[in-house]
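Multiple structures are listed underneath, in structure tokens.
The two complexes that follow have chain A in common; it is paired with chain B in the first and with chain C in the second.
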Partner chain A sequence: MVLALLTVRGLTKTYGPACRGRGSEGCLLDREDDPGTSSCAACGLIAACSDVSFDVYPGEVLGIVGESGSGKTTVMRSLYLDHMPTSGEAYFAAFEAGRHNIFEADRPQRRRIRNYLMGIVYQEARRGLNLLVTAGGNVAERLLAADWRSVADIRSKAADYLARTEVPLDRMDDFPAFFSNGMQQRVQIAKALSNSPNLVLLDEPTTGLDVSVQAGVLDLIRDIRRDFRVAIVVVSHDLSVIGMLAERTLVMRHGRVVESGLTDQILEDPQHPYTQLLVSSAL
Partner chain B sequence: MATIAELLERSGSRHSGYSYAFLDETAKRDLRRAMLKAVAIPGYQVPFGSREVPVAKGFGTGGLQITLSIIGPGDVIKVIDQGDDAGVNANNIRRLIERTTGLDTTLETAGATVIQTRHRVPEEVLREDQVLVLQVPYPEPLRLVERSQTAARTMHAEKDYARMWLALYEDVVRKGEVTIGAGYPVVVNHRYVMASTPVPRWDLPKLHRSKALHLFGAGREKRLYAIPPHTDVAPMEFEDHPFEVEGFGGTPCARCGAAATFLTERLNADGSRTLTCSDTAYCDLRLTGGKAETWY
Partner chain C sequence: MEQAPILRVRDLTKTFTMHVLGGKRVEALNGVSFDVSPGQCVALVGGSGAGKSSLLKCIYRTYTATGGAIAFKTASGDTVDMASADERKVLEVRRDEIRYVPQFLRAQPRMAAVDVVAMPHASNGRLEEVRKDAGAMLSFLGIQPELQSSYPSVFSGGEQQRVNVARALLRPRRLLLLDEPTSALDAGNRERVLDLLSAARRDGAAMIAIIHDIHVLQALADHVLVLDNGRAAEFGPLGRVDAARYVGGQP
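Entry: the complex of A and B
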């Protein structure tokens, strides 16, 4: 049996007070089925994601697909510890040998997880990049955090990663604010890969890019996965992106996982009505 | 132990309506308590309740409050502004201290027990029994890279200085060197990154393992911090781009002929420019044939 790199159990992120155990209707959080909404009719609680569980194995690509508002990004930001979930556990093999819940890590440990063990690519480049810092500097930030103190070494390492992600090296000392969206995404990917993380989170990496650039970025992600042997969780609302990249897929709706399995299976033989709708509308 | 009234009477204070050294005793106690903490945690910014003093905020109120709370009978005070004893700011502060304490003041670095300064460290080596009080405009070194004070404090607490290093890296990449002239960030006691007030880079080596106590006060920002004697102070630098002090191309002081001091440019009536020592007390000392131990 292969040990999971990341084990997520019962990940829940809610906003507002819950009415659990009170009221006759039963709180949204207590319902087992898809409630058809993310907000509780009784208490007004918003459940961005509720009771999400999954495993990621070393070197695999896991896709998360769903409509907007289904909680995909909330899951990603929770995993990258951008915010703390309301409840749930996640065990990451690279952190304390997977014995401790990463959501209970203290702040220096959280910083270590974010700077050394994981990388993330956000949908909006401005969230992941500092646009007032050069492309090379954005990649260098993680190296500097890892106590690299030689400008020449940092530059050659940053140049290496930027070259791997096909960012022209003569643009290395330019500001990403002046780059095209596709190139900004490639700088983000280079930044996520510096420090050789064990897990890379891709949050809608190709959304908003035109089709030819999308293809280029998808090719790059596939190459990276092959070259770096890194596990990837990719979030997208686009089934074709998931179909290209992911071996296994979760389908999310209203903050819950409604279906999960091999990507081929989900695309060819969707079980849940929502997945069926998703597949038929994509075709 | 003399009472405050006795001290005032003995000093011949001309402002009998005020406490000794202007600040009331509770204020001084609050400041001293903050200073003790600052000395215990070198380079850490300690908040304190900044009082109103008869000097506008931004004109050395932090340094002045520190000076007023640590001086007492027997102290000799020296006040300098950019190295110059004759600066307007220095004169005003010196006069205030004289009038509210009756203490002696001096222009000589060696003769002073407490030296309040703005933007310079004296050229003469300070002794164990001397205290240097520096006026600080912006105590937060991370302000350059982080606008939120709360976030900056968290970064200090976690020793998370990657963004500061990134700012220096960007400077090197885009301009070939770190271009911060005054107020170069230093690491104190291998722990806290500290704003070295706007002293020139020239003065930074003097802070490293100095025998004197250095106290930094920012009145407007309500923060004070300290470098205790014999503390390690290291400028942030890259292995392949080491920290360097300013150079003057070997030009000596036009007044006293000193070859290695920090020089300041003066504009003459005919439009020409001459470079003279920024530390006027040291320049005068050399002109009168005096000797002093310097850093060079």
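Entry: the complex of A and C
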């Protein structure tokens, strides 16, 4: 029996005070079914994600699909500890042997999780990269954060990963601000992988890219998965991206997981009305 | 001597509820039961829309069965109900024991044909060895080395089908689910694919195959399951079911 690498339970992130138990209809957060909205009619609370639970196993790719506003990115940023969830737990086998909730980690522990144990690729490169530090410098920053000290080692490691992600080495000392979107994504991927993390989070890694560039980035992700045997959570609104990369998939809507299953089952035999709509809307 | 079945399908039903069409319900399978033993090949026959592909997809769990049981006996002797097993277990069974060959090749884009065949079998390293075997099998099936390094998306239908079959047969699997495995092939290639499938059967692989050609059926199958409107109309040994009534082609 293989144990989960990451176990997420009841992850909830809300904005505004909740009217739990006070409103006559009951707060959005207390409803079990899909409420059809992410904001509570009684108190105005916004539930960006609500009671999200799932497991990620070593070496697998888990997909998360859903329309914009469904809470996909909120889940990713919660896992990377960019913000603290309102409630919920996540146990990560690489951190304290999975015995402690990562959302209760103290600051040094959070740094360790972010710098050593996980990597992330954001949809917008400017969130994941410092565009006015060179491409090599961006990777080096992450290695420095993970206590690499020798300049020569850092530089050769950064060069390795940039080469692996097909960023031309003669551009290593250029600023990513002057790179194309596809190349910026590849620098982000190099940065995310450089510390050999146990888990990589990809948030819409190919959205907004030209089809040929998108193909290059997807192939890179596929190769990385094969060569590094790293577990990946990939968020996309694009079913074909999920179909290519993920073995299992969660479908989110209004902050909730409405369906989960094997990716081929989600695509060919969707059960939930929303998943059926999503699949039937594909081109 | 008859071996214990590797797969027991019992009262399998599959109903699709299409919410996008106002909750319309379509019954694809209705109470289907049959067994398959190691080394046996069950031919699935019946008109279009009878439920043949739905049956294969339920066994592979691409479709989730609405009711009934699909008991698969694994190599280690456990029984896994493909209708209800958890996702992780299904993925494990798919990786090690059951292969599904859809009628049309679905492969990772921008991957060389030889890798499309080799990759699913290279889970514990040894990629070079697996790739060599993949090349040899593709050559046997008439896909020449220069073609093996190109992408199957540019191949003809018959070439894609041979890549598809090679991918399933490169390493032994205990159960093969085949959706018209020779439909796009010329006579010579059809014989070569049948040779490979027959060899897999002799090695103990069980098969369930949708077949529309009486020649292929007689060469490969020993049992016939006739589906009619989602129900098992007839099931029995090849000699006892008049398969020719349901399929085309000359014997």
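Simple rule for what comes next: the second predicted complex is superposed on the first by the 282 of 283 C-alpha atoms of A that agree within 3 Å, B and C clash if a C-alpha of one lies under 4 Å from a C-alpha of the other, contacts with A are read in each partner's own complex, and residues count from 1 in each chain.
Here, a contact is a pair of C-beta atoms (placed from the backbone, for glycine too) under 8 Å apart; a residue touches a chain by one contact, two chains touch by 3 or more.
Values in this document were obtained by computation on a predicted structure and should not be read as measured data.
*Asks:* Going by the contact rule set out at the top, does A:D269 touch chain B (first), chain C (second), both, or neither?
*Replies:* In the superposition, A:D269 contacts chain C only.
*Asks:* With both complexes overlaid on chain A, does A:A145 touch chain B (first), chain C (second), both or neither?
*Replies:* first
*Asks:* Thinking of the overlay built on chain A, is A:L3 touched by chain B (first), by chain C (second), by both, or by neither?
*Replies:* A:L3 contacts neither chain B nor chain C.
*Asks:* If we overlay the two complexes on their shared chain A, which of chain B and chain C does A:A215 touch? Say first, second, both or neither.
*Replies:* A:A215 sits against chain C, while chain B stays out of touch.
*Asks:* Regarding the shared-chain residue A:A41, is it in contact with chain B (first), chain C (second), both, or neither?
*Replies:* The answer is neither, since A:A41 touches no partner chain.
*Asks:* Once the structures are superposed on A, label A:V133 by its partner contacts, choosing first (chain B), second (chain C), both or neither.
*Replies:* first
*Asks:* Which chain A residues come up in both lists, the one for chain B and the one for chain C?
*Replies:* none
*Asks:* Show which residues of chain A lie in contact with chain C when the two form their complex.
*Replies:* Residues of chain A touching chain C: 2, 57, 215, 219, 222, 244, 247-248, 261-262, 264-265, 268-269, 271-273, 276-277, 280.
*Asks:* Touching chain A in the complex: which residues of chain B?
*Replies:* 154, 158, 160, 162-163, 165-166, 169-170, 172-174, 238-241
*Asks:* For the complex, give me every residue of chain A touching chain B.
*Replies:* 107-108, 111, 115, 133-134, 136-137, 140-142, 144-145, 149-152, 154-155, 173
*Asks:* Could you pull out which chain C residues touch chain A in their complex?
*Replies:* Its residues touching chain A are 16-20, 57, 61-64, 87-88, 90-91, 108-110.
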